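The chains carry the letters A, B, C and D, assigned in the order they are written, with residues numbered from 1 in each.
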Amino acid sequence: MIVNMLAEATEEQINHVVERIKECGFHAHLIRGEERTVIGVVGNSDKHRSELEALTVAPGVEDIVRISHPFKLASRSCRPEGSVLDLGKGVTIGGNEVVVAAGPCAVESREQIHDVAASVARAGAKLLRGGAFKPRSSPYSFQGLGLEGLKLLREASDKNGLLVVSEVMDPSQVDEMLPYVDVMQVGARNMQNYHLLRALGETSKPVLLKRGMSATIEELLLSAEYIMAGGNYKVILCERGIRTFETTTRNTLDIAAIPVIKQLSHLPIVADPSHGTGRRDKVAPMARAAVAAGADGLIIEVHPNPERALSDGVQSLYPEQFSQLMGEIRLIGSAVGRKIAGEQAMKVSS
Amino acid sequence: MIVNMLAEATEEQINHVVERIKECGFHAHLIRGEERTVIGVVGNSDKHRSELEALTVAPGVEDIVRISHPFKLASRSCRPEGSVLDLGKGVTIGGNEVVVAAGPCAVESREQIHDVAASVARAGAKLLRGGAFKPRSSPYSFQGLGLEGLKLLREASDKNGLLVVSEVMDPSQVDEMLPYVDVMQVGARNMQNYHLLRALGETSKPVLLKRGMSATIEELLLSAEYIMAGGNYKVILCERGIRTFETTTRNTLDIAAIPVIKQLSHLPIVADPSHGTGRRDKVAPMARAAVAAGADGLIIEVHPNPERALSDGVQSLYPEQFSQLMGEIRLIGSAVGRKIAGEQAMKVSS
Amino acid sequence: MIVNMLAEATEEQINHVVERIKECGFHAHLIRGEERTVIGVVGNSDKHRSELEALTVAPGVEDIVRISHPFKLASRSCRPEGSVLDLGKGVTIGGNEVVVAAGPCAVESREQIHDVAASVARAGAKLLRGGAFKPRSSPYSFQGLGLEGLKLLREASDKNGLLVVSEVMDPSQVDEMLPYVDVMQVGARNMQNYHLLRALGETSKPVLLKRGMSATIEELLLSAEYIMAGGNYKVILCERGIRTFETTTRNTLDIAAIPVIKQLSHLPIVADPSHGTGRRDKVAPMARAAVAAGADGLIIEVHPNPERALSDGVQSLYPEQFSQLMGEIRLIGSAVGRKIAGEQAMKVSS
Amino acid sequence: MIVNMLAEATEEQINHVVERIKECGFHAHLIRGEERTVIGVVGNSDKHRSELEALTVAPGVEDIVRISHPFKLASRSCRPEGSVLDLGKGVTIGGNEVVVAAGPCAVESREQIHDVAASVARAGAKLLRGGAFKPRSSPYSFQGLGLEGLKLLREASDKNGLLVVSEVMDPSQVDEMLPYVDVMQVGARNMQNYHLLRALGETSKPVLLKRGMSATIEELLLSAEYIMAGGNYKVILCERGIRTFETTTRNTLDIAAIPVIKQLSHLPIVADPSHGTGRRDKVAPMARAAVAAGADGLIIEVHPNPERALSDGVQSLYPEQFSQLMGEIRLIGSAVGRKIAGEQAMKVSS
């Protein structure tokens, strides 16, 4: 931490800051420049950190600059070689293979989920996604089938050799979901629901943690840290688009977050081009872009009949579009030295 | 809802859209322009709304425009005269009085909270704010005193004739908090924690609902709708700053949200200039601005010794600064025809 | 400037950075912490600054933190008491008086501009605003009356004892405009048109510099620095709303920029609630908020018949609304110890 | 255009709107829904469009929805097959080939520009980029070599069989630059400098138009329209990153803008991953992502010695990194069916 004094700071103000730094258990290191003095804070205690931060508005202080990242377990330096997580049934993520999860926004019926499961498995997906508990911005929208939905998901996944990823919205659902789900998804709106993060930290189930709509990359990694601080190191990060002024797409998929996270953290990072764009016809180019930029996986909405979907129909692919997309990303994957399950595909459509 | 067809849409595509509109139980109303056709959707059912939305990417469709607001109970037309909510002990919000809540970010000790309570009561605050359960972005930061903190809050409030407002983070805390708290606060990070909103909708306790850092005003009103749909109409909205590219202040306090919400909704709206700016020296001008723009209340962080606060010391006022601020907003309040508790103050400092 | 080395940086990498700092003519000051080394750069030369910045991606470097502001002439420390600018006809800005400019978006006809001038003068405005050269995002929109518009502006202003503020879009217009205009306005889209800024720096005419839609406060002050570096110190800054994700208002008026700029710079700062909100019914509350937060002036669109305006009709006030607004801000001004021209007004409307 | 009346609008208010629509030369088409009335405006005149827009705040109106795009010549429907632009020396853009421009931020010396030109030509670039006139946010930074720089650029390009792309900042530079430059670049800060756009519209030189930092895609296309309205149809659009709250990268490269623009417009679209990320180590993954998403070209900063560059050293590639990148995008290009000049490369580095 560096305390940046104002050019007009008095000796008394500088001394006050130095005193406070010592009282908090750190060493103060002065650099007297031609224009101003800056004070380096040396030491390594979390205990009085917030008191240090309060110096930001002490008399004579211009601002305070933090120089180390606030996350530890999630940081690259903690595992420089990167994490390869075992999701079960022989599927690992974070290694050479690009892993694809696909399925409808919400489980709607046995027929629907079995249909989708069969087609996405055939196309090369390794996980079946589908919501049983749905976070909806309106209380009047379809809220999901609940436990019944989980059972259908499990059944359809097992029949097609897939793993299940589904969203958990509240700590009270965790135990209920564990038997049915292979990867617990935390949605963007819950990225900073700390009770939920802590509850998941106490399980040993892999967690897919989506970036909040306005969360910085650092905040995403701090939320991962919450889960890891509880002992569960199986966290998969997910870029799903951030909120910006551009309204042509539902969100702005921050593709650069992929290489940035690869540098800052050892955790696998996947992309969600369905929520990231919000429009069916933009999913394929953004899925290709994510793989080209180094994503470890994708999560994609597929529905047998998007025009009649109970949610997110606008951004769901038809099964045949998904199959076409898998062919495209297989080609991109091979261009960046990554493998993707399934047979080699035809040429990319323009 | 208006379906905007592409200029090049075929008759077949137009007919398909019309058919789907009818199948969803609505009437279709065609307007054939010189360049393109638009289709008005007439009817009033929530049932197939998501299927209608899926038409956004149907062949020949450019986009779909929603023309009514998705919230109802929270909308101005539901109570055109505005809501005046009774918070207890004779304090009402939404009427002529501008109501001020003040206190520390977190309850730290009996001495601290009693000190603050006495000084903010003296200055004219009607509610004591203070966190017992703290949402912290780092798992390594101070997380609050929990139940013990609530008891201290209650004690200090009662002694000084104040009401208590404190943050609830999880549905599991609701019952525990009810005896100690007069207003339940939902933090910005939990604005779309629907389980929490529903749990609060089942109580009859007033709720202070903070706008999420990247939530639109419409989304804030939809979250209020979740609480109201459960039967609890006592919702106070709170503008606390949105996330933008500007980093000089911690957030950008969207003052315009105050008159916009006054127009769209009947619910009271307060402002939080402490989180909205993140710096002690910017709290007073933004508090004045909020009252000048029509806010029904303010929530302000005050700490007896901000430099040693366990959290948010940077943005907490000293008690004497808060007292000075109350004098200023009393003058502003009187300029806009509003009353604020406490004796008349001296001139505003520049 | 502080160079923040990675925890795993080698001695060789640290030495390389130190060498480069010396080669650029600065001193290097090492602080060896428990986790990492940071290097303070001491010295005061602009010459090799960009080479220093290139160290950001040198091996072993995490990042570089700038600790001084890049603007000088515009900084508060350059004139701690604040600038009071003389605009002519006895009008000064930056002192105790809140100065109001008002008028139509564009000059449309002699009758229109004379009508507006008379009514805004009567209500207490000191400057007449009006566009003769209009920056329009579509090439098919009304582009202004040009020189003819300037002459009409001058005529109407002189008749009513007002000063003229009008937008200059290109260096080639500067000479042509000088005889007719008292304050040259630089629009948000041209805030970083450096040729224009330099051309204005060579005149002695006051400049009203609008903040770009996505410009940080620091960038605004750097643009002011361009004008001042040429010798023209008469710069008035203008907050007119920034672009955010919120779409209820046309822009998000960043009221906090007012006290932030007051702290960072000695230049006067005014607010434009017309462009800042984009809707007539939101102009008054935001004008009040700006004055409450410390603005030195306001610039407001007024049109005798907004429904038939050739541009910005949506956000233009009717003359009687402007007169009512002047009454309101006179009350707010007096609450914050500022004077505003004109007779005292009635109560603020709710 | 659709006028959306409030639920509580009176017949008189509806009639007023209908009257105004007729007075402006359009037809009004009423749709009476169960909750409210909406009015379709049919007709095709630009003349009274701004008067129509002023109805947004007419009594009884909730808002107005525009349903057609404001750009025409730039729209896809104007040339559904897409534009293939001839840049000279046999290079075309918008067709099957992905065209790469590379070179330093600024021309600094004959040796520097000749070095770079030789190396980027060898690696497969078709254009040499380099600034002679530099827009710098600080007046104290290096401002470019001017005309001398242009001559050096031309010389180095010709020697290596490259075309020249360089930035024009002001209408007064256009004539001076024409003999030396093959593609005139308009920088992000000048995207809405309408005088400059019009001046370029009067030439027949291809223009590379960069998206402004906070410009919507629609605004970018409107700026293209300005150039095209003057008769110059050779416009290449460039996505170079938008400003968001995320600060890890200098800007957020909006990769989705590539497929969105492909759908809305017939103009070629290229990406600038150097400015889009602002860090050397993020350029390659984002360049790959852009090509995977369908970009028609790339513009990339390369410097023989980035650590000593006079500007943008942080984001400039070393020549050998650029050569490696060309190999990578050749593989990605072939995966999406596009050709890129130069010999086939080795495997992509992870």
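By definition in this document, contacts are C-beta pairs under 8 Å (C-beta built on N, C-alpha and C of every residue); 3 or more make two chains touch, one makes a residue touch a chain.
As the structure is a prediction and not an experimental result, all values here were calculated from the model.
Chains in contact with subunit A and with subunit C: which ones?
B, D
Averaging each chain's C-alpha atoms to get its centre, pick out the one most distant from subunit A.
Measuring from the centre of subunit A, the most distant chain centre belongs to C.
State the pair with the higher C-beta contact count; candidates are B-D and A-D.
A-D
Compute the distance, rounded to whole Å, between the mean C-alpha positions of subunit C and subunit D.
27
Round to the nearest whole Å and give the separation of the Cα centres of subunit A and subunit D.
From the centre of subunit A to the centre of subunit D is 30 Å.
Centre to centre, by mean C-alpha position, how many angstrom separate subunit B and subunit D?
39
Give me the residue numbers in subunit C that touch at least two other chains, ranges are fine.
214, 243-245, 247, 281
Flag every residue of subunit B that touches subunit D in the complex, lowest number first.
For subunit B paired with subunit D, touching residues are 2, 4, 7-8, 29, 31-36, 38, 40, 42-44, 62, 65, 67-68, 77, 243-245, 247.
Subunit D touches which residues of subunit C in the complex?
These residues of subunit C touch subunit D: 20, 46, 49-51, 53-58, 70-71, 135-142, 169-172, 189-190, 192-195, 212-214, 219, 222-223, 225-226, 229, 243, 279-281, 306-311, 313-314.
What residues on subunit D touch subunit A, complex-wise?
214, 216-218, 242, 244-249, 252-260, 263, 276-277, 281-282, 285-286, 288-294, 328, 331-332, 334-337, 347-348, 350
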